[in-house]
Amino acid sequence: MFARNMFKPDGFRNTYADGQAVGFQFDCKVQYYRGITLSIVRDIKVEVDGVEYPRENIRFSIKGETFTLDEMRTVIDHELRWEFGKWATVIVLKEGGLEQGKHHIKSTQIIAPSYMPHILEHAGDYDFEIA
Amino acid sequence: MFARNMFKPDGFRNTYADGQAVGFQFDCKVQYYRGITLSIVRDIKVEVDGVEYPRENIRFSIKGETFTLDEMRTVIDHELRWEFGKWATVIVLKEGGLEQGKHHIKSTQIIAPSYMPHILEHAGDYDFEIA
Amino acid sequence: MNYNIKRSVSLYSYQEEYYLGKLDLEGCIREAAKAGATGIELLAEQMMPNFPYVTPEFKEQWFGWMDKYGTEPTCYDAFLENKIYDNRTLTLREQVRMMERDIKIAGELGFKTLRTLCSTPMDVIKGSLDCAAKEDVKICIEVHSPFSLNSGWADGYMDMILGTGTKHFGFMPDFGIFCKKIPDVLTAKALRQGASPECVKIVNDAFANRVEKGFTKIKYDTNLGRAHGEYVKANGMPELMEAIEKAGGNAADMNYARASFNYTWCDPQDIIDNIQYIYHTHAKCYNTNAEYEETSIPLKEVIAAYKKAGYTGYLSTEYEGNSLLNDAFEVDSIEQVRRHQEAMRRAIED
Amino acid sequence: MNYNIKRSVSLYSYQEEYYLGKLDLEGCIREAAKAGATGIELLAEQMMPNFPYVTPEFKEQWFGWMDKYGTEPTCYDAFLENKIYDNRTLTLREQVRMMERDIKIAGELGFKTLRTLCSTPMDVIKGSLDCAAKEDVKICIEVHSPFSLNSGWADGYMDMILGTGTKHFGFMPDFGIFCKKIPDVLTAKALRQGASPECVKIVNDAFANRVEKGFTKIKYDTNLGRAHGEYVKANGMPELMEAIEKAGGNAADMNYARASFNYTWCDPQDIIDNIQYIYHTHAKCYNTNAEYEETSIPLKEVIAAYKKAGYTGYLSTEYEGNSLLNDAFEVDSIEQVRRHQEAMRRAIED
């Protein structure tokens, strides 16, 4: 859809909890032409420097709420729509976070609008740096 | 809860589709002290004459809608509440239905009100006859 | 001497007759009024058609019945179904929206208080206070056995009341915290199910002992399971279970022993100490005999504390004995409520 | 000669700029008006804040913008998310409620038509007709390529219209059914992605052949996948794929061959035959050149049929070329819409 512009350039960073890096995160926009109800997100895949992270390590954070991908299956709250053109944060749990320096990400959004005969897969690539 | 009165005496019958007996059915009331949202029904078990039927064979029918137990997990429609003291129909898929004559049923409702530390299991027994 | 303590009936009391189709909602209200109550408490999820929607027709009926039977709405019993999906707990805002939904129904039907369960997260209560103020409905956390006033658990809420200065949140004790004996109908049921008189005696003696020396109170802990585990341990459940085992107790004995920890005896002084924050009361009852005595709860002693404290709210009969009888007997909730209302009347007017 | 055919812009056309934050909703309306349109078509799920709630603030803004830019609402594009849970399709009443939600939003914002997708079950449409009548919103099923008018598929809906006598359901063609050529921007993208000129020629020739001899139309079938499968087979997809394979085609060639079946050429006479039931139109466009020619859709020929039929509704520009460019280029939807509006103006006023 909009692969060249799906990542927020300054959104890449390690994620801290109690002073410890517990993972890394980035901001992205939904790869579809309208806003969606979170429940139709089937998967968000993240691969950094060729390493794919397991589904259980992915968290999706929007408007102050954070969900696992499994929890998202029932999130139909209108206040938590992933609006078209707006950023949401994907957090990837990884002890210690990413190393300082340059990295390459590939992330795939798998979304199932009800009226589509096939599930939609849209991936995007980006080079980023962890400061 | 109300085990002695959970079954509708004249609700037992074979279930037909296109003239074929595809299973049997009975009417029962929710074993709790209030009406519930269908999504909190975790399981409905049915054992007839000592034979327990698999979960995949159970259908729950209320106000004209019929669900598998798996589908019920997301049914939060207020119009489809299982109201306190009202009948719902449980259908058990079984080719040919039950034989004519006397039978004994044991059915267990497994329900998870959000505020209960444990999931609730309530069973009831009944002798019935298929005409 | 006259006290301004009013009597209500929670229609929960008539659940057996309602379930069986012997009483409809109007019938329940009529029976409550006949028993002498002027207040009606409702579980909308139990008896209100089209829940959670208040149809104009229902609203008209409801206030029509209040007029017809000379009653007024007292307490709306809410259930916060915050695990309505099996894969997650609802978010805070989803929970607040659900709570506000109930507060609005309560307001629309004229209820002055709303019962919330002890499982309601503090943030959900806080997030609903504005709505409660707007609807002028007081959210009351039910002080249900084994919880108690003047406890670490209650302090958690008291801190919130004092911290926010809210006038729309408080407590509603449930008389299950004033059990001096295990309900005799529970004992009878245990015996019907095969409990032995020996083990029953061990359980009853242990209960009497807890009443005698005082219960260890439950802590405030957002993990209710943990709080409860510590509570039963501190009150001697492990020792009791061991004793039952030693005595060769069967499953029914074990069940009876465990069930005995659902009942608590608190000092009625707790009511006096906290009266400023008590806006409603569940006058729980299990069995009221023909002499108008609740067989496990010393009504006169408890109500004396309410009188001394100058309580002006409702005591609302909440009959819960049906499930202790209905495995074997017909239940007569109408008579049980009538007796309990009369027993309360005597205790108040005495 | 003058015709009463009006021009609208679907704000869908500006999705690239909206996504990138270059245009906000007001900016889109402003650009549409600047391009000469007097009608605005909206995907509320794309651009309306707080969807599905119309806040009073938004409503005021919305009508304020309509006044300010001299435009009026034309069509509301609905999406029936009837598989919002992954474990089941919504029940009929849940779907009807969702449809009615959209009809009410459309009505509140002044839209006269509502686009529904061909995946909408017939019973959901029927169940929503009363609401549509009440809101005076005409539900229009989008006749989107590869569906077509004068087809077994369209007959299914015509039967319903005639059977119910409804004045609140009809058709809205999408100009993707009037493609005489595969969009040149699609071809260019295929080549960028590695398609070979040889295979591209095979695909283009096959398309020209389909246009020449006429497309086999799609059937009415509640199983859309099956209907679509039969459709592509009848129109020679297996033979084309085989030809590409024989020519040593790569993945990009295969994709281009498959994608070519998304475009259809229907006889514009279809518009004349069905004009009584056509209440709105998506003037789909992929690339309008500097000479004001849509490079795949013969606008003059198609619009001539609308004129002959005496159409008095809107032709609403729906620019969809952005995704055929944005892998490599900046997209200028504003210019594309401007050109397309001018091209339509000329065709209408010619």
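Every chain is named by a letter (A, B, C and D) in the order it is written, and numbering of its residues begins at 1.
As a working rule, a residue touches a chain if its C-beta (ideal position, glycine included) is under 8 Å from a C-beta of that chain, and two chains touch if they have at least 3 such contacts.
Remember, it's a predicted structure, so these values are computed and weren't measured experimentally.
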B-C against B-D, pair bridged by the larger set of C-beta contacts: B-C
Most remote chain, CA-based centroid, reference being subunit D: C
Computed distance of Cα centres, subunit C from subunit B, in Å: 30
Distance between chain centroids, defined by C-alpha means - subunit B, subunit D (Å): 46
Gap in Å, rounded to a whole number, between the CA centres of subunit D and subunit C: 59
Whole-Å gap between the CA centroids of subunit A and subunit B: 41
Shared-contact residues (touching 2 or more other chains) in subunit A: 73-74
Sites on subunit D at which at least two other chains make contact: 85
Of subunit D, residues touching subunit B in the complex: 85, 87-88, 91, 93-94
Subunit A contact footprint on subunit D (complex, rising order): 12, 15-16, 18-21, 43, 45-47, 49-53, 79-86, 117, 119-120, 224-225, 228, 323, 326-327
Subunit B residues touching subunit D - in the complex, by the definition given at the top: 65, 67, 70-71, 73-75, 77, 79-80
In the complex, subunit B residues that touch subunit C: 1-5, 29, 33-37, 39-40, 42, 73-74, 76, 78, 81, 83-85, 112-115, 117
